[in-house]
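Next come two complexes, and both contain subunit A; in the first it sits with subunit B, in the second with subunit C.
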Partner chain A sequence: MLATCKHRRHGFLRSDIKEYTRETVSMKDTPLSNCERDFILKAIEEKKRLDGRQTYDYRKIKITFGTDYGCCFVDLGQTRVMAQVSCELVVPKESRPNEGIMFFNLELSPMASPAFEQGRQSELSVKLNRQLERCLRNSKCIDTESLCVVSGEKVWQIRVDVHTLNNDGNLMDAASVAAIGALCHFRRPDVSIQGEEVTVYSPEERDPIPLSIYHMPISVSFAFFQQGTFLLVDPCEREERVMDGLLMIAMNKHREICSIQSSGGIMLLREQVMRCSKIASVKVSEITELINKALLNDKAARKAGGRCGFAESMPQERITALKTDQTAVEMTDVGETASSIVQTAEAPPQTVPSPSVPVPGVGQVGEVLRNTWGLEEEEEEEEEDGGESSGGDSVEEVTKMDVEQHQGDKSRTVDVVEILDSDEEEDEVVILYPETTKKPKNTASSSGQKGAGTSRKQKKK
Partner chain B sequence: MILRSGRWRCGWSTDFRDISCQAARSSVRMFSVLKERVGEILLPGDEFCCGPQDTLPLTDSGKSERLVAGPGLRRSGDRLLVSRSGVLRHKEPNKFWIESQQRRYVPAKGETVIGVVTAKSGDVFKVDVGGSEAASLSYLAFEGATKRNRPNVQVGDLLLAQLVVANKDMEPELVCIDGSGRANGMGVFGTGGLLIKVSLGLVRRLLAPRSDLRADLEQLFPCELAVGMNGRVWVRAGTVQQTLVVANLLQSCDAMTAPQRQQLFRRLQQGAF
Partner chain C sequence: MAVDMRLPTVKNSMSLSHSAADRKDLVVPGDVITSDTGFMRGHGTYVDEDKLTASVAGEVQRVDKLICVRPLKTRFNGEVGDVVVGRITEVQQKRWKVETNSRLDSVLLLSSVNLPGGELRRRSAEDELTMREYLQEGDLISAEVQSVFSDGALSLHTRSLKYGKLGQGVLVQLSPSLIKRQKTHFHNLPCGASIILGNNGFVWLYPTPGQQEEEAGGFYTSLEPVSLSDREVISRLRNCLLALAAHKVLLYDTSVLYCYESSLQHQVKDVLKPEVMEEIVMLTQQKLLEHES
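Moving on to the complex of A and B:
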């Protein structure tokens, strides 16, 4: 491999270049050292993974939905992905005049990894896009004929945009879960046709309608090592760098395979593929359960008029954007500590005081804005469905009005205002329409919402 | 436990700047003001003025004290400004600095870092140390290396090296020997073992002279650690399982307070894992 000294003077040796590119090291990403590669392979031979999982274990999956219909966040360990569905009326394709159009787009944002460049279609991006399309479009999970409004003239175009927010391996699985979750969550506007006229109703006029989804295809990835001898489910980023090949199986819970794809050029035996499909069916049914549960939770939260959306479901972390729940915390005396803190903390106000209107277009409920930084002491984070909270939480301030839009209430066209806590940094946009005629309505409705406000505080306890 | 690394304090020596204020009495005043706030959390924008004061104690000796301002503190005219958020620390007799937590490494001269060789070109290796640019390492900068006797370094190897040139205008340069030509623990290493990335604060805690964290780790099981100031730690223990345990411990210790960490170690010793 080493040429004579004369060649060395000219810079890179050809063999060096070959070795360099074979490693597929991205220009900006940290290169993987030989030591790490050897260690990971050795550990896999001993059936050990870097984060202590078993070979067939998935990382913790967390699915949350945003305030808009069709927005879904999926956390697969540290991998984070967001999908957003939107719709538009367009002219259909000429070959299929009575079918709607589905459009998928997966973007690898530079937020996710230094190896991703903005705008450039890298090989990985093309591969993921293709896999997502095959998984969702070719499986015909959505009834496209129901998307037709006027045959040959107007159909709905459903657009699914998936953005990767953090890459810690296995983007494909996270993207497929996010996409199907967002599609199940999405509601399109209602449409009525009278003769030649087509009326599209806004969400305030008529409830939007969910899409008709036949089944939920979910992809499961298997990473292969040592020429197919060892396999791992849900590889993390370092494992992905070391793997020989990847097998991706997209299935639904009725054990129908929607798409199966193998990359990396490894040779797999028939028994291996059968075994993988059996494992995939188990995993897919678990993940489908998770998605359905998340959808139900979201539906219940919206119906109860409580706060919904991802700002609500994020645990109250201030500085870090990603959760780290790998650390085990000693919890033997948490009960007594928590109750002692609750006893010594001051009681929250029982009723929300009536709102004051200092200036036209601005409403204020509660006390003056107060800095609550000093009170932020969380012992361990709990999810949005309650649990213990430290004393700091009980002093929350409602500083803006909380007006929820009731789904079934057509008589009152109230503008939606999101409730904001002064200590929430992931703030949703507050839309407070400065219409003087609406003010009396708002004040009336806010007193009606007192129950919702206090019930939430009680729920937090 | 075998610990390999360089002295970490020398890495900050270039960041310490002498501040000797003009007025003798006011410098003493600033010194005492700073001394009071040692251990407090400061934010960027906080400042310490040494302007003329109305009342001064009569017992002032009047000699000017030199204040050495370390990383995170900047002098601007008469004032001392805080440019990073963190805790104010003090070392006798006159060094003050802000201890902050960050994960991104900025190469600084004199620090010992762990790098990954990314390319060999001619007689120079390109090594990634986690900064914005890859550092260069000459093949002659190894112990006992001559033009005929080249070191055995391959692409992808791990190295422990010291930065000799590191500023914002030039590409960083590394060497694997110290001033007298000896390796002193530096060079290629790492057959077996795992490389993990931690925050810079954890690395400093590991390298501190009397470190609780190191003492706790010593109780567990014998292992070998190489600590680089760029946030990279290489761990090797007897078995793969033990190596994984230590690696995961270090990564989770980053965000824990001392009592939490000790509980975790106690659980480990009782054989929870």
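Moving on to the complex of A and C:
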């Protein structure tokens, strides 16, 4: 690079030449335009986020494990990271001869963002590495003394490598979930000591044993805007670009703070920090639940001998193209037919502005024409079992509706519509008249069953 | 909220010209161009075991004994005299760094801009300190390429009243290979808006400036509200540009204008639908063929 500089006709200072050499190596992110920045900030002032989340909402977290023990993939919205845990027998540190060693390494790969460079320690990578170390090592979440094999001579070194696969904001949270998930999933080889001899058994000889983990620290990130006036949980990449500062709180589900870090130079009030820690404790307990659930699922899948691992978690069967041609449709009298239908149809019912679901799992009992599905969160959908297929007349559906009925009956108040026993109605007829008291079974079953939560009854109380 | 839904169908892709003259020699990286060793290799090729192989995806161009491959999708490779639209990314000592969709950020030296007032004087230390008042990070400018450094970075200048900071308008980012090289890149379209077709693929649409005098050599940006009719024209133009770019039609003032006229029968937001895009581009291409013949 310096050789070509000599041939340049323009006179440049040495400083300029140095800047040029530095620039040709990296690829910067495309700059954010002023209108985009103003738009995002204004939207945040009006309590709106780009993807429609609420201020304290996390993106959808998906945790999958690989075929090997200790490999964990975490998807936080579009942000994707992978953590891999491995172990090795090494000589312990002299100051701590009977403790194992934990080694953390977070790599920002160019796969995640064009702004990341391979092999170069950028500021962000140093910061994330330090935070991950503080969160997991200093909190003593792993019992390092159990990693000792021969005191002073041989201990296990547990190495956690976190690779970023896609950066859509909030790498720290995703990395912490992936790291602790991988550590919980990992199994180290069994070791036996006979006198002076140490035998390390391969996984085929003896089952590998899991690490002893005391607690699961998980980090929650808060982004601050307008000098600390507005805060958002789990910022996405755009929001990260316009934020003023970031507060990262690492906590476990027992409400113990493992690490807290504020960057960006914003000044926070004590109440703000207290509020953030309260929010963090709620989020951490939810995420810990998710991790435990994922670990259980993986365990069950492995026990059942079923296929498990990363390749299986990717959807294979997908419709990618439609093969049918455009079909011609007779359209001459569509207008008249449509207007005649509209005239004879009933007026649409008033929609409930914000139904609240009292208990997860309670579905709509199908009152008259009231259509509230589409207004509840997705979590409800997942909690309901997948037995609800569209328009099925299966027994499980009937029993489910029975259960809901009973629950609905219990909370009934005076002015509630009578509901017949669903066992008798096996036909597909949809009954829509408000005067009769039969419930429109199929509108509820075919589409509304998925956690359609209303609690009009609760509200009337 | 009204939602427009339609089922996907098999798309019948049609192209207007199938003549042999239009047949381009397209290669992908790794394709062998020729095994004849008599040719000199140009950009986009490399020699692999005595065979000339392409290293980029594009069309093969042959000039006497020189073979090169011109890539279809590439970053902007500037030449002296090109008009570019760029965004300021950094303010440094005595110059600005401008992002122009090329491999390196372009440079706009302080000595290459018109100072407010239009006077010609030596740049003093005060000018250096007040650089930020003229152009800040995030501002859009139109400029011309003055020279090219040996590493490929462009040196820009705005030493004419038609260049300078851009005010209210819409920026459309397209591929540089779609912009046709013409004598002038600033057009006042008869439909009621003006357009700057930057050679680097950035196209700037703005309402035609009225009779106001532009003082200060291009640094005065009017913040008066733009009327609704102007906004509609600009939105429609932007959608037409996206339609033309999606079908890889060469962009110049005539093609943009024909596309605008063909799109008048649809609503502005409908122009973004794929089937409407196809229809409009077909009409545009027909009109262009008639115009040429």
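In the analysis below, the second predicted complex is superposed on the first by the 289 of 461 C-alpha atoms of A that agree within 3 Å, B and C clash if a C-alpha of one lies under 4 Å from a C-alpha of the other, contacts with A are read in each partner's own complex, and residues count from 1 in each chain.
Quick note on the criterion: contacts are C-beta pairs under 8 Å (C-beta built on N, C-alpha and C of every residue); 3 or more make two chains touch, one makes a residue touch a chain.
Predicted model, so just to flag it, every value in this text is computed and none were measured.
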For A:268, is the partner it touches subunit B (first), subunit C (second), both, or none of the two (neither)? neither
Which partner, once the models are overlaid, touches more of subunit A's residues, subunit C or subunit B? B
Which of subunit B and subunit C A:31 touches, first, second, both or neither: both
Which superposed partner A:209 touches (first subunit B, second subunit C, both, neither): neither
In the overlay, answer first, second, both or neither for which of subunit B and subunit C A:39 touches. first
Output check: A:111 vs subunit B and subunit C. Expected answer is one of first, second, both, neither. What do you get? neither
Counting contacts the way the document defines them, which residues of subunit A are shared by the two interfaces, the one with subunit B and the one with subunit C? 8, 19-20, 23, 30-34, 37, 324, 326
In the complex formed with subunit C, which residues of subunit A make contact? 1, 4, 7-8, 10, 19-20, 23-24, 28, 30-34, 37, 321-326
Contact footprint of subunit B on subunit A as seen in their complex: 8-9, 11-13, 16, 19-20, 23, 25, 30-39, 42-43, 46, 48, 50-52, 324, 326-330
Under the definition above, what is the set of subunit C residues touching subunit A in their complex? 7-10, 87, 89, 92, 99, 104-105, 137-139, 149-151, 153, 171
So in the complex, the part of subunit B that touches subunit A is made up of which residues? 116, 118-123, 128, 130, 154-158, 190-195, 234, 240-241, 243-244, 247-248, 251-252, 255-256, 260, 263-264, 267
